[in-house]
Amino acid sequence: MTEPITLQQDETFVLNVGPQHPATHGVLRVKMTMDGEYIYNAETVLGYIHRMHEKMAENRTYPQYMPNMGRLDYLSAMSFNHGYALVVERACNIEVPERAEYIRVITVELNRIASHLVWLGAYVLDLGGFTPLMYCFDDREQILDLLEAVTGSRLTYCYFRFGGLYNDIDDDFITGTRAFIKRMRKELKMYAKLVTGNIILMKRLKGHGPVDQNMCQRYGATGPVARGSGINYDVRRNEPYSVYPEFDFEVPVYGEGDSYARYLVRMEEMEQSLRIIEQALDKLPDGPVNPKKKPKLIKPPPGDYYAAVETARGNFGIRMVSDGGKNAYRLKLRSPTYSNMHLFDEACRGMLIADALAFMGSLDLVIPEMDR
Amino acid sequence: MKIQEKTKEALAALFPDPPASEPEPDDAEEGEKKPEPRGNGIIEQDYHTRGFHLDAQIEPDQLIEAVRILFDLGYYLEAITGVDWIKDEQLEVVYDFSRYDFDLCRTVIRTRVDRSAPHLPTITPIYTGASWHERETHDFFGIVFDGHPYLVPLLLPEDADFHPLLKDFEA
Amino acid sequence: MGTQDVSPSIDTVPSSFVQFAVADKIIDLCRANSLWPLTFGIACCAIEMMCTGAARFDLSRFGAEVFRPSPRQSDLMIVAGTISKKMAPGIKTLYDQMPEPKWVIALGNCAISGGPFLFEGQYGIVEGADEFLPVDVYVPGCPPRPEALIEGIIELEYKITGWRRWPKPKPEWRSSGTEES
Amino acid sequence: MSLTLFNVILAVFIAICFVGANAAYLVWCERKGAGLFQRRPGPMENGPWGLLQPPVDGVKLMTKQLLIPGGVDKAIFMVAPVLAMFPALISFVTIPFSDNIVAHPIDVGVLMIFAFAALGGMSLLVAGWGSRNKYSMISSVRAVSQTVAYEIPLMITTITIVMISGSLNLSDIVQTQLGGFWSWNIWPLQKQVGFNLLMPVSFLILFVCSVAETNRAPFDLGEAESELVAGFHTEYSSMGFGLFFMGEYANIVIGACLTVILFLGGWACPVGDLGFFPFTHHVGWFLLKIYLIIFVFIWIRWTFPRTTIYGLLNLSWKYLIPISLFNLLLTAGLLKVF
Amino acid sequence: MTPVPSPELFSADGMAGLIFLIMIGVTLAGGFIAATAERLVRALSGIVICFTGVAGFYYFLNSPFMAMMQILIYVGAICVTISFAIMLAAPEQQLKSSPSNLLSGPLGFMIAALIFGGMSALALTTEWQASPKTASGSVREIGIHLLTTYSMIFELISIVLLIAIIGAIVIARGGRN
Amino acid sequence: MALLSIHNYLTTYLVFGAMLFSLGIYGLVTRKTLIGMLIAAELMLAGVSINFMAFNRFLAPDPSIGQIFTLFIMAIAAAEAAIGLSIVVAVYRHYKTVDAEELVNLKG
Amino acid sequence: MGGYFTDLFTGTKSLLDGMWVTLKEFPRRPVTLNYPHESVKMYPRFRGHIELIGDKDGKPNCIVCSMCQRACPSGCISLAGVKPEGEKKKVLSRYILDFTTCSLCGSCVESCNFNALRFSNEYNLASTRKEDFIMDLLQRLEEQNR
């Protein structure tokens, strides 16, 4: 059903998907103009969970703003912690101890797996399968247990500090993580059988939701969406930060540009994350997790600063404008799904509603991160 | 040729008389008493302290041209944002660009408009994805992007008539 | 969709057609043990809500796992997340579309009072679900642990029936020491 | 025939009880089964193993407010759930639970089941229509086109069996499969047709079709949650929804019964005649078989993602119909030869 | 035709009679709705009820096979097709249909009443001659007849159906390409 | 209780068939839309079929003949419905109406 | 034509594979923790709401320096102290935590230099009243000492 269909505008009706709709994973609203079950065009309405993050940055001190990072994208909160820590460290020129860097990478990658697991479960739920969601959440609980033992929270971590971490990890965490890696490898094989190879899923995803490279460039799509379209772009590789250059991992790239390619990219990323964690655990140095000298008051010198990290959904950038005060003068959060979702309108035209929703799921949306 | 130099060369064509290479604007930003608005031109920034490589300040009417250059060089648009310099009575609009390949060059294009009548041309014909970014900037700062096909509030309620990120905004 | 005005008070729960006390009690008991929530997540707390339904915590043990996508078939609205001013009318509509008797749980600090997003001069959020909904049970936390949501549902059952079926477990530390590193 | 009419009334009453109990407890089985497939226990707290959950839900649904959305055609809105439940009930009267337990052994039993299944399809249409909701509308159109598409292979397969048995009467169809499991229609070895390799395939087709006919996952396009909210019953609350729910499970039982009767020997004992009591063991075998089939229904539902409408039609037109047609011809040829 | 003795109400025959009466009521009501309802959706519902009732008559007329076919074909196929057509072709405001002019209502009624009067008079006054049964009319016999005596008609009907399907596709096609 | 045994008389069915037939006629005359007319026509066919079935049951020597006739009627009705509805759809596509009286363009 | 049958067979096989996976899970023990029956033990670093640490006599360690109040991003701590006659140090007289706006970031505990604050292990708070979560920590400390 990929051949283009001439749609007639005079026979259309408007279908309002959302803000409360099971497929939108939150409070996104898409006004679809439909011709039968085909989509004529779709207008996305955002802002149902706009939480004023950028305004809050202007009236909170730099350390006080850290908790917000956990709530921007609650599924990969660690990456956002990392991004914010990076930009402030860059601005104030704070050295991070090596052990802290390694622990950061471990927690970020664990969080990335957790995030992809939620995506996998929710995506298959979108496609109508319920059981994989339960398995994914069960596996995710293992990660949450590990991270909770370290950070004290399950979801909205506020673990990174400028120059270091809230606290060190212990041996239980290391043994637990190793056990988890072993378990997860087995579970990934199970998912491959249960979900990836499933003919129904393949038929639904292969060849649907095409996103090409030109489109990625025009919309600024990053992360698995870009990598599913054959763009070898991963901030961890292209713009190395933290200790990522130390690790041997691959950036999965698939050129098909369809929903299935994005699906495979994420599935493979989980494996690569496991590899990174394993290497980081092996190389984990001793030492403190907080720098010896840390400015008492965080006051970056005036100017513009930028930092980007690779979250589970793509390139997350922070532009921080400082005027030398205790608060940021302006803090812009460049969230990956904001750009990724934007291409939905163009790409979904002429699709069946079922395919369009499968396509939307493959973009891996986290609405609060989009609306900020 | 490294992309950074290429970009710099291409962008330099925008400025008929390149500004003197003295790092005067840089100094101005580093805590001088009189924050003199920086002149147009390109500055190469230190990536390790700033996080980006090229920093070009241009006139609003040069915007389309500059963005077209970057599009042709394979840049993608990361974000558009505004900064309210209330003391200068100006609004700065910042365009962040980055590249997909390993030859990394983050480029920032910034332009300033008057706070009383903020108008800029839209770049949606070049970067379709700029649409939401421009709408968002319109939401937050009230900057009008001329020629934008659908400039209605995106993040704020449909009937919102306030611009919350302006420094003189009060709820 | 047709909406109707329902006065925001829990006293409007219609008493059943059987006017006997025992029958009423049985009906209350049935209602309390068959709370079908609306599939409606807003933000972070929605993920914890999903966790509560998932294998580790399993809301289905209490007969409350039937997440209905349509408000017409649900009894319980779990407001899980920050309510923005743009969203509030929508939530109100959803609440009005639910048939009586219906209950509301405010899950997480955002739904209770605006939570971490409450600051002076804020322009975007509603400060608590109870500003426009009759909230029955509050579950604090940011986000609350899934146990807290289960506790909230038990609390709601207590409110409906006046009988607490399970005692509240006392919190314990995992290791003997209560000090943290 | 009028002499048996009184029995019909009685039988319908019994059928209502049977279907009601079945529908209620199948919901429990579904939830429990779903739980066990998903590493969790399912309903536990209400009664032992949550066994009181169905009555609790039932009472709750019955005492809930019945909302009728503004602007709908009330008569049509109200009649749809009844129309969903009623055909399933009627179909039960002709199902032979054993050689002597059948409410009303109508000569064209197979046809009757199909006829009332068609009536059930009508109810979805009416429900979706009466709701005045775009999701419901799309959903009901989908559900009906799906039902129509899958009736074709279902009927062709059934005709194959009818040809083998030489009767439209369900009891007669079972009678031809007596004498051990090897004489069931599912196996290629047949007294009448000799060696037909396509019989197991044909069984699979019938099974897939009965899954599709009952709108179950992976063919539950009508109530595709992530696309169409709750499908045709989006606007139904209280018992209106409850009736749809029960109707769905009643249809599952019918589908399972049909599968068992046509292919798995109905109430016939797998090996000779093993029963201790001449009366119960047949019923016992029959129930065992249908619950086994229902277990597979549940198992499938909690394993697979949903297909799309075109995937579903593709499956029907590209695979099921050609294969079942081919099998029909083959069987006819074999019948002629042997 | 020999008169049949009236049964007791609470005997099996009596119940059968009662059910027959109810069925007449339901069928007539359905037919009435189908013929007069303002909204096409209701008319469709009416005709579904009516056809189900007619199937009941067939059952009483010793032909369960025809009863089932009636439901299967009329309700399962024809009514569904009609409903699709209503959905496709009739927007909300056109679902209603009122009498086209003042005359057609009474006129239609008069014609209908005339035909009904004539036909029922004919039915009541004619002396119907029953002939002795030579066969049972079972499904098997129908099948044998269809493939022997009436095989020509059977084939023709098949061709008509085929042409109808092709024609329907040809005519209705063309909206989308 | 003579009423309880009326199902054993041929006349009952004949009168009843006539009733459905005339209802169909009434509908056909008064209905404005094509679909409405089609429904009415189906009603008439049902009335005719009942006659066939009744004669078949009470009078005919071989009771399968009437059933075969009714079957044929059903087949014709199905064909008619398919064709009629495709015409309705095509007409609607073309003229955006299903009102029979507005379709003057069809003439000539 | 070859694709037709390969499709059929690989498709069926993939479906059976999936069914085998779920079937293997069916007889396994659920991983569920029966919450009201089994109590969950909290990790030592678990972040509940904060509570005061008392010394041996049950007096709070707090010296009313207000660091926690200043560090809190959402301003949910309000405390006051009185200076009794003849003593140098202030004594805590009121410590109110508005838990409904807390974001559990841990800044307060981190900023406390006098070992006066810690996280409690109350993970299952729920109430029908909102006011229950505006906690008087001093009172809570007294209750714990009792």
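In this document, chain identifiers A, B, C, D, E, F and G correspond to the written order of the chains, with residue numbering beginning at 1 in each.
Rule of thumb we're sticking to: a residue touches a chain if its C-beta (ideal position, glycine included) is under 8 Å from a C-beta of that chain, and two chains touch if they have at least 3 such contacts.
Here the structure is a predicted model, which is why all the values come from computation and not from measurement.
The fewest steps needed to get from chain B to chain D, moving only between touching chains, is 2. Ranked by how far their CA centres sit from the centre of chain E, the chains are topped by B. Remark: chain C and chain G have CA centroids separated by 19 Å (rounded to whole angstrom). Separating the CA-averaged centres of chain B and chain C is a span of 45 Å. We define each chain's centre as the mean of its Cα atoms; on that basis chain A and chain C are separated by 28 Å.
Per-chain Cα centroids separate chain E from chain G by 70 Å.
Annotation for chain B: residues touching 2 or more other chains are 156-157, 164. Along chain A, residues 21-22, 47, 50, 52, 55, 60, 67-68, 71, 131, 134-135, 138, 141, 156, 167, 194-195, 198, 200, 371 each make contact with two or more other chains. Not a single residue in chain F touches at least two other chains. Note for the complex: chain A touches chain G at residues 60, 63-68, 70-71, 131, 135, 138, 141, 148-153, 156, 158, 166-167, 190, 193-195, 197-200, 202.
Considering their complex, residues 33, 35-41, 44, 299-300, 302-304, 318-319 of chain D touch chain G. Contacts from chain C toward chain B in the complex involve residues 85-86, 121-124.
The residues of chain A lying in touch with chain C in their complex are 19-22, 25-27, 47-52, 55-56, 59-60, 67-68, 71, 74-75, 118, 133-135, 137-138, 140-141, 154-156, 167-168, 170, 367-368, 371. Residue ranges of chain E in contact with chain F, taken from their complex: 1, 4-9, 13-14, 16-18, 20-21, 24, 27-28, 31-32, 34-36, 40, 43-44, 47, 50-51, 54, 57-58, 60-63, 65-66, 69-70, 73-74, 77-78, 81-82, 84-86, 88-90, 94, 97-100, 104-105, 107-109, 111-113, 115-116, 119-120, 123-124, 128-138, 141-142, 145-146, 150, 153, 157, 160-161, 163-165, 167-172, 174-175.
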